[in-house]
Structure formats: structure tokens, C-alpha cells
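My questions all concern the structure below.
Chain IDs A, B, C, D and E follow the sequence of writing; residue 1 opens each chain.
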Amino acid sequence: MIDEGLKSELQKQGVFVVSTEWLYNWGRKSSIWPLQFGLACCAIEMIAAAAARYDLARFGAEVFRATPRQADLMIVAGTVTKKMAPQVVRLFNQMPEPKYVIAMGACAISGGPFKDGYNVLKGVDRYIPVDVHIPGCPPRPEALLHAIITLQEKITGQHIDQTRWYDATATTEFPIPVCGEHDLLPAANPEVWQPPKDYRDVTNEESTKKS
Amino acid sequence: MNYPGKGLVEGLAVTARNFVGSYFYKDRLTTVQYPEERIQTPENSRTFPFLVFDESPDKPRCTACKICEVECPPKCIYIVMDRDDKGKPLQRPKAFDIDISVCMQCQICVEVCPFESIKMDNDYEKSKYGRFNDLVQRLPDLLKSNDYYRQIKPVKAAEVDAKLKAEAEAKAAKKAAAVAAAAAKAAATPPAGSAT
Amino acid sequence: MIAAPSTIPAGGAITTQLLEISIGPQHPSTHGVFRMDVVLDGEVVRALKPVVGYLHRNHEQLAEKMSWLGSMPYTDRLDYFNSMSNNWAYALAVEKLAGIKVPERAEYIRVIMAELSRLQNHASAIGFLLQDCGAWGTPLLYAFKEREKILDFFETVSGSRMMCNYFRFGGVRVDLNDEMLAMARKIVAEFPKFLDEFEKLMTTNEVVLARCQRVGILPKELAIAGSISGPVARASGVEYDIRKVDKYGVYGQLEFGVPVGAVGDVYDRYYIRVLEMRESVKILQQVLRDIPAGPVQAVEVKLRGFKIPAGDGYGRVEGAKGELGFYLVSEGGPKPYRYHIRPPSFINLTVLEDMCVGHKVADAIIILGSIDIVLGEVDR
Amino acid sequence: MIPTSEQLCAAVPGAVIEIVPSTPAAAQPAMLVDREHLVAVARYLKNEPSCQLDFCSCVTGVDYLAKGFIEIVYHLYSVALKHGPVVLKVRAPRELNQCHVPSLTTVWRGCEFQEREAFDLYGVKFDGHPDLRRILMWNEFTDHPMRKDYVPPADYEWEPTPHDEVLKRTKAAGGIMPPSAAVEVKK
Amino acid sequence: METIYQLLHVTFANVPAWTVQVAAFLIPIAFIFGVYPAIFALTTLVERKALGRIQNRYGPNRVGIFGVLQPLADGLKILLKEDIVPRVADKFTHFLAPVLIVVPGLLVYLVVPVAPGMVAVDLKIGVLFALAVGTMSAIALFMAGWASRNKFSLLGAVRAVAQVVSYEVPTVMAGVAVIMAAGTLSTLTIVQRQGGGILNISNWYVFRPWGLVGFVLFVIGGLAESARCPFDLPEAESELIGGYHTEYSGFKFALFQMGEYLAGMAMAGVTVTLFLGGYMGPGSGPGLVGSLIAMLWFFSKLAGMIMLNIWIRGTWPRLRVDQLMGFAWKVLLPLALVNIVAVGFWHFLTPRPLAWVVTTGWLVIWFLVLTKCNASAILEKREYRYV
């Protein structure tokens, strides 16, 4: 990579040295087109974020494309039920590759308040990889804007050799669950859904040591 | 005068007024540019709960009575009572987890808490990359000082402090009365004792 | 598809096939995850089967595992456009079951909250309807600008913009101080200005007239037989408004009109909502003028361990979308035995097919928009 | 005016009508009608000029597990005369093969979706319903989830805040939960 | 092209003749390929900012100083998108359709004069060429809709063809009126005919009664041709999701957008040439400074037409398919024919005031007759009673 000293030196003489990777990421970062995909109450906060007062347009992200083919960010805004899960995964598969997912609201992350229901999927990351999680029920429109800024930081930090879409071995077709007799089959996609082996039980002693 | 395209032209006039107005009038351009300018959220605004402590983080007001854990509709609070080595419960939580990926921000825990120890924060910038251990707020993340609470919700904090002070005085007065009564009883019994 | 020329039968009759498309769970103008299986002959709709259930979040089963108060925040998520009227419906049903008396000031505050929530619901409903007609966002964003003011008021009072969780059995949780009342008066004063500008933009617009007049006509008898309630029924001439029939809260003492249409097409449903907004502004002015002082919560209602005597009962409220009712069965314990919601949007969909058959695809979309459904309430 | 049960027995020969009280405060007594005469009673209530109950507001299924029957409750209102709820109740045994009730969609069109929902969630078959399919759950689903004896599938892999019922099921499903919670279950 | 040829011939006298010929041919093409796609990129930004301002919000303003780099970012991102072709799609037509959309958009600019003498090809049949090439996009739209084997895109494609074809007829008829008045088909001479008069403005055809009607017809035809609001039925966002380009992703979708915008701007260019006096303006003249001012005039009128498009897009909802067709055949076409008769009156009635009175009267009578018999969109008197 270009060392910073040389870069700042050149910048003084007005020469901007930019790596293609930075250029790619800048292009993707500053024009994220979300898929028009609202499920429940969080969708209304998403529309409020695109409305006059919070104005998603300033980030160049107000072009809500209705077809998955032209969208590159899927904001899962609302409760993903088991009846809707196959559609969500199929939509994600249909999106062209440099694609990101924001799980907006408690329901999308973990089933939220409706977690105990028989028809509610406990979190959309059982089937598709999620980049940014926004807790809240519903999260304020500013929280969505903060999440988009966090996603932009994540995009600028991406390196070509580590991303999923340039890696030939990575799976592009996530298996679509089937609505079975009692539940979705399979209950989760093991490749994407890896809960941690242990639960870091931070008791008081550890907390005092850490803080 | 009602010419055929009247409705269409009036519509254009409205959008033109908004377009031109957005350069001059404040109410025609209501955008608050989020990261630089921020909306002053009202005092009652609530996002996620946090625990209040008075002097030091080791002595939170919470006594691990688990009322909020029972009353929480989505059941996103998990409390473990702190016990000393002999197993006697110390009135303090050993672990107090709130899974903010399940919390529905309904502040019922604040209403039912008898010790005024759990309050609602108004910080909404909590989007994270990881899901599992990032979105579970444990005791160290939850504990915030009373003056932080006084800073974000001045009026409510003042009420709560006044109530707590009143209770403290009432208890102190009762204890004093109890001590006085005990002293009076002690004073009354020795004369009886000596009299016999 | 159309039979290839070479296979035209000897008789020369070209046979055409009907096109089945599913305006699916993910579609820009189905107001959420609602699906319509439409059979098309070219552009004309021959049959239309609504498919719901994509947002069935088992609210009724969860309520059976929770205390009476625990379900109150869940009622915000039913019709997530007006959480205040949902809260009121649930609180009214429980008060009817348990026989709780609500103080005078709390009744006035309840009317303020429900009417403000009706204002922002109708403004958003006609905004979404015109977005389905094709006006790219402009009416919707004007409506959302007004909605933001009302949501600011809700947040100042209850703490959250959309999910207020503000009503309690026997009153409300937070009293309105003078500063909040002044804020409400300012909103009510500015709302007619927004309405006039909105009407100038859309009501006499020739394209809107051409698209909405004589489209999706709902006859009065079918509206009553199909248990349709709310603005959709009143646009077809059904003179039924629960605020006038049941006279719950203080609606008995307020004078306001209930607009009733005649033809019952999409334009009537649009204009009835505009007139209802003007009536709501009148109600709000009256209530804000003579709100009495006093307590906002009945004393005898306990927060924890609240029990209702055994038996069942049904309470209902005129929500913005229609008659929102709660049928509750209690066994005397702290948890409801059965908790059923009578959702207006779900039942208003019964006649969607009757209204859409014979019209074009574009009309089916705006007829659905004129019914103004919310999926949280349809699927519960 | 709301008809009394004697008047109804007179109007519909052979109907067995029993009054079921509601909570004392609500004062909405319900009329329990037997299954055979339900449609006749409903038609009478709708067409009788004195009551004209033309608006069927709410249809609900209630599962009384202890008493062994499922109850369907109809709330009827009159738009013409603007009078209050008349509550019709009808009961059917809980066993799936005997659990059927005559459908009132032919009398009031508004019951169509709500009866389909009662069928979907409680398994009550409505005879004479024009289009009895599942409405809320997906078609391949076989159980009736709102019944009191329904056990949902156990997907409890990650439970940071489990307690009481969920705690036991997480332990059974071997999900990841705070170690201190695992100890509690043993006690 | 001749002026460039003489210019080059003079300066590079000793260069072999054929190189000057080729250079004279390549320079206008480079101009067209350079300027108009740049205007397209700018238009996407101006549209999003203007619609934002109409809706009381800022447009994109965080990428670059005032969001200036937004089109660059969009283009770069779309360039890097994965290009998905549905398995069941007809691969070849699916690939060819976007190319066929952009070509007619650019071809029309050959005959649009930008400054005195500066037109890529001075065809004698300029107007006919422009209108004929404009309809080629209908074929490409149908190819796109049919090839992607998607029910929604098929519906969009069928609507697109019906709309473009049925709006071509009144537009051509309105063009005929101008050709009759100007006497030639060559766009250059039409613009010169509109020069002169007070400040080079009073002779514009738009200030004639028949010219105004023709201008309105052309604007409506332009909107319908490029499927802009209120006629954006083929790509109806709320009904058909994406219309014919539902199945296109990545750069093919960008080509579709470019094709649509270029077609819209091409029709705006032709309208400016025929009715608003091309590059004629107070300062425009043959000299270097004069042609610069002329070019300024032309591009400012073009910008005005584009702002009108954006303004209409922010305000009006969309017509239904059958109303669209009825409006074209029952209102626009008769009006265009009547307009041709009006030009006839204008030409033969020599005394100016008499010509004005007759043509204006004739047009107004016919306008009232047409609106009377098509009174579908008049507000029916409705009474709402209060209970």
C-alpha cells in the first residue's frame, strides 16, 4: 500500500494519490440504493428517515429501487415471520453481488417482542448474513442514519481480497428454507448462523477489573 | 374562471411555491442535517433502560428484587442476586443483563420498580456489527451515575430525588422514633425492675 | 401467452390465455407484506384473491402468557400508525370488563390523543394513496411533514414517537402540563393551512379526478353485509360512527359532524378522509378549550397483580381505520384467558375482490390504497 | 330493541337457547344456541324488523381446554337502529373430527375472513363456508396453533435472558444461555 | 460540418485532404458523445436536488461540495455491480436491448443545431429524420420487456409500445405545422427563419397562435415519448415495479436510464429547435462571440425544458393506460390536424391582424369543442351530508 508519508507529501503539492480499492469503496459508499422492502412498523420509520426532516437523500440513498436487481442494500425493517422467510432469502439471492444487509429493529435482529411466537423467525441472520444491526423498537430515524454511516465506514474498510463478492469459493446462492409441516425446514442455515460457543458471563469482579 | 387544466396548474403552483419557499422560509425546509445538527429530543424521550447508582458503581440502587424481570413483557431482563461466600443474599445484583436486541422500549420496568433504580436513557446511536455479545448490555454497561440521570432528565430526576429524600427522612424519623420508643421502654422497665 | 401464429386452429379463432400474476408480499404499493393473486386478461382484472399472514406475529397467543398491563405496549404495534387509539380500545375493553371509572381530565386527554392520531393517520393515508396514483412522493412527504409535528408532541408526552404505551386502565400515564397543551394548540392551529394547500395540490387535479372517480364503487348494502367500518363504509353512505353510536369518552358532550358520502368510489374515500380531518380539528379545538383540571388516573387500579372478575366482554373504539374492538375473556386471574382483536383493516379486505373485478391493474392498486390497510393489524 | 331468549324460542321452533352472563360490569349477556338452529336464529335476528341486526362485527374462537369444548362467539350490531351488541355463542367438542359448526357467511358476508381465521387457528370446520382455507398460517402447516395444548417448535439456540418456561425449554434444546441460569434450572 | 471543414482546411493546408475530411466528421461526434451524456449525468443530480427542494428537503449534498460528485459515484458503483441475466431470459435480445435504447437517443442530436452553422449533419430532411429515429426506442423497449421473461416487464413493454406509437402521431402532425410555416425540413433553415424581429425573439414560432398549440402538443408528446411523468406507465413504479427494466441490473440498467434521459432531452432539443427558435436569442449571430452566445441560448432553453420535466414529475400523478390512449387519439390528434388548417389560414390571409384573429378564433372554437366532448375528467358535483 502507499505509505502515508508519501501520500501526505504529494497532497501538499495538490497531487491526490488514490488506490483503486479506495475509489471502488468510495463509489459504493456514497450511492447505496436500498431495496424498497418494508415489513412492519420499522418500515414507517424508514420512510420517515427518507422524508423531509431526516432526509436519507443527503447520503445519496433515497433512490428506493423496487426491484431487487437494482438494489444493493436490503434494510430488513420489521418482523420476519416464518411464512415470509423464504421470500426474504429469495430476494437476497436475487440482488446483484456487492450487497449489504441492515437488520433494522429488534424484530429483525432477534424476533424482538414477538420472539415467543410460533410464526416469528428469531432473527433474520439465521438465513442471510447481516452487516449492521440496529436495536430499538422501532429505532429512531436518526438511528437508521447512524447505521448507514456505520455501514459506510464498514464499506470504506473493505479490502478487495477479503470481500465475499470477489472470492470465487464464497456461496452466492443461500439455500431457501421450505415451509414444512410444523416449522421451516431447515430451522437455520448453519453456514450463516453460528451462535458463539460460550456466553461471556461478565460477573462483577471482571467488570470492576475491566472498567 | 374554470378552464380545463385549472387543477393541474394549481398543483404546479403549489410545488413551485414550495420549491422557491425552501430557499427563504424555515418551515419550507425542515431538514435537520443529522450528523452535524441534531434534534433536541424532548425530556421524556426514551430508548433503552439503564441502572442508576448514587455514590459509586459498586452500590447501585438496585436490590435485585426481580420485579422488573417478572413484569417485562418481552422478558429481556436477567438478574442474578449477589450472595456472599456464606450464601447470605447481599441486596445487590451480581449480574444484570438486558438484551437490547429484544427490548421493546416500553418502560414498564421503570414504572414497576419500587426502588427508582432503573430509568430510561435517550441515547439512540447503538447500531453494532456483531449481534451476539455486543447487543447484550451487562451490569458495567448499564450502570450510570445519578448526575448523568439528572443531566438528561432534569425535571424527572428532581422529582425522584425529592421522593427518595422524603423516604429517607421518613425512615430515619421512624428509626429515631423506634430508638426513642426503645429507650423510653428501657427507661420505663429499669424503675419497674428496681422497684421490685 | 398468445398462441404462436403457426398454431392458430383452422377455424381462425386466436385463443388468448389469462395472465396470473401475484402482486406479491414485496411490492412498492401494498402497504407492507400483503399479497394479491390477480388473474389478468390483458390489463383487466378478472379475479383477485388477497393472501395475508406474512406478518402474523401471534400477538393473541403472547397476550395469554402476559399480565393485563403487559399487552398494552403490544397494542401499539397493531396499527402502527395510530398507537393511541389502539391503546384506548384495549383500555376501554378492560375498563368495561372491570367496571373502572375514568376521571374527567383523563377522558379529555384521551380524546386529544385519539383525534391527533386520527389526523396524522388520515394525512398519511391520502399521502400513500396519491403515491400509488403515481405522484412521486410529493403529497406523501407533505403529509409526513405534518405527521412529524404530531409525533414530536407524542414523544414529548409519552416518550416514544410511534409506540406511545401511554394509556393505563383508568386513565393515562402522564399528565399534560401547560407547555404540552400549548404545543398541541399550535399543531391544531397550523393543520388547516396544510389541508388547504394539500387540497389545492390534489383535490381538483384533473389526473387524480380521472384516476379516482367512478373507480372501485362499493354499494351501501355490500358495505353493511361485509361488516365494513370506518371511512370506507361512510364513503358508501353508511351512517355509522361509533363515536356517535356508543358515545364513549366525552364524545357525547362534543358537537361534531360525521361526513357521509354517496357514490362510494375511490374519490369519495379520499375526500371523506379530508372532511374527517377537518372535523377532527373542530373536535380538538373544543376539547383543548375546555379541558378541566383534576387527576389523570383512577386511584383504585393497581399496577401489578391487577385482576379482573371472571367473565367475558367486548369493547370497541372508532379507530382511524374503522371499528377496532377487543373481546376479552378473564378467569379472574392476572392473565387474560382469551384476548381477541377485531381488526378493521382485516375485515375491510373482504370486499376488495368485489371492488376490483372489471377494473385495470392500476385501479386495483389504488383501490387497495383507498381502503388504507396496515399489515400489523391485518395479520395481528 | 334487543330480543329476549323467550321471543327467540318462539320465533325459531326447537331452538335451545341458554343465557351465559358476562362480567357483572360489562353486562353483555350472551345467548348460547345449539348448532342445529344457529343459522335459523341468525337469519331471524337479521331480518326481524324490530332488531335488524345487519352488522356482524366480530367472530371469535375460544378454546376452553378444561371444559372440553371450543366456543365461537358472534357479536352482532344494528346499523339501521343503532343498538348494542347481541352476543351469540355456539359450542363444538374439541376433537378435530367432530369440531364443526354451521357457517354464518351466507347470512353476513363479513364473517368470511374471521371464520377462516377461526378454522386456521382453532381447527373449527365451518360447514357451508364458500372458501374454507388457512388464512394466516402457510398452507402446508398442519396444527392449530392457538389451541391451549399446542407446543411450538423449540428454536432456542441463543438465549441471553431466559427464565421460567423459556429457561426450561432452552435447557432441553441445549441452547447457549448464561451459565448461572443453567445452575438455576437444576434447583 | 461544412464550417468545420473550411476552418480545418484553411489552418492545415499541407495535410492530405482525407485526414481533414475525417477530422471534420469526428469533431461533431466527439462533441455529441461528450456533451450530452455529461448533461445526462448533471440532469440526474439536478432532478434529485430539485425534487428534494420541492419536497422541503435537501437533495444529495454530502458527496462532493453540493453533491456534485453524486452522478460520478452512482456511475462508478453501477459499473462495478454484478450483471445478472435470468436463466430463462432470451440472452441475445436481453443483451441487445439496452444498446438499442441509447442509439436513437444520441442519433437525434445529429440534426439539432447548436449555433449558427454548427449542426453535425445539415440534412435537408432534418425534422423527418429526428422524429423517425425517435420511434426506434419502442422496439428496444419491447425487446427488453419480452426478453426478460418476467410478467411485470411484459406488461410494461406492451404499455411502452402502445404509448410511444400512439403519441408519435400527434407529435409528427404538430411538426408538420412548423414545416408548412417554415417551408423546409432542414432544421438549420427553420431556426434561421425564426431569427430577426425585435431582439431575435418576436419571430419565434411559439408566439404564433398555431405555434403555441404546436408547442404544447410537442411538450406532451416529448413527455410521452420518453415515458416521463404523467405518462410514465411503462416504468410505473407503483404498479409494475420496474416495467421493462425490472430484470436489468448493473450497467445495463444505467444504459436504460441514459437512453430514457437522452430520448427526453432529444425531444426537448427538437421542441426548442422547432418552436423556441433554436439558438436564436438577443445576442446570437454568425461571429465567434455571436455563436458562443447562441450556444448559451440553446443550452439555457434546453435546461428550461428539462426543469419543466422535473417540475411536472414532482407534482402530477400518472394516467391510466386507457385514459392515456384516449387522450392521444381523441384530443391531441384532432388538435394537431386543426393546427395544420390554422397554419393554412395563417399563410394565405396576408393582412397580419386578420390572420391573427381568424387563426386564434379557429383554434379556440375547436379547443372548446374537443374539451366538451371529452368531459371525463371534470369534477362531478358531489354532496357530502353530515350525520
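Quick note on the criterion: a residue touches a chain if its C-beta (ideal position, glycine included) is under 8 Å from a C-beta of that chain, and two chains touch if they have at least 3 such contacts.
From a predicted model like this one, the values you see are computed outputs, not experimental measurements.
Chemist: Could you name all chains that are in contact with subunit D and with subunit E at the same time?
Modeler: Chains touching both subunit D and subunit E: A, B, C.
Chemist: Quick check: more C-beta contact pairs at A-E or at A-B?
Modeler: Greater number of contacting C-beta pairs: A-B.
Chemist: Based on mean C-alpha positions, I'd like to know which chain lies farthest from subunit D.
Modeler: The chain lying farthest from subunit D is E.
Chemist: Which chain, with its centre taken as the mean C-alpha position, is closest to the global C-alpha centre?
Modeler: C
Chemist: Between subunit B and subunit D, what's the gap in Å when you average each chain's C-alpha atoms?
Modeler: One centre to the other, that is 40 Å.
Chemist: Taking each chain's centre as the mean of its CA atoms, how far is subunit C from subunit D in angstrom?
Modeler: The answer is 24 Å.
Chemist: List the centre-to-centre spacing of subunit B and subunit E in whole Å, with centres computed as mean CA coordinates.
Modeler: 60
Chemist: Among the residues of subunit D, which are close enough to touch at least two other chains?
Modeler: In subunit D, 136-138, 145, 158, 160, 166, 178, 180 touch at least two other chains.
Chemist: Where does subunit E touch two or more other chains at once, residue-wise?
Modeler: Counting only residues that touch two or more other chains, subunit E contributes 54-58, 237, 241, 314-316, 379.
Chemist: Hey, what residues on subunit A touch two or more of the other chains?
Modeler: Those would be 51-53, 55, 58, 66, 83, 110, 113, 116-119, 137, 140, 195-196, 199, 201.
Chemist: What are the touching chain pairs in this one?
Modeler: The complete list of chain pairs in contact reads A-B, A-C, A-D, A-E, B-C, B-D, B-E, C-D, C-E.
Chemist: Can you name the residues of subunit D that touch subunit C in the complex?
Modeler: So the residues of subunit D touching subunit C come out as 21-26, 28, 30, 54-58, 60, 62-63, 73, 75, 79, 82, 85, 87, 108-114, 134-138, 145-146, 165.
Chemist: So in the complex, which bits of subunit B are touching subunit D?
Modeler: Contacts found on subunit B: 69, 75-78, 80, 94-95, 97-99, 102, 132, 136.
Chemist: Any idea which subunit A residues touch subunit B in the complex?
Modeler: Spelled out, the residues of subunit A in touch with subunit B are 52-55, 58, 103, 106, 109-113, 115-116, 123, 125, 130-137, 139-140, 142-143, 145-147, 149-150, 154, 195-196, 199-204, 207-208, 210-211.
Chemist: Please output the residues of subunit B touching subunit E within their complex, sorted ascending.
Modeler: Going by the criterion above, the answer is residues 4, 7-8, 11-12, 14-16, 18-19, 22-23, 28-31, 33.
Chemist: Taking the complex as given, what residues does subunit E use to touch subunit C?
Modeler: 51, 54-57, 151-152, 155, 229-230, 232-233, 236-241, 313-323, 376-380, 382-387
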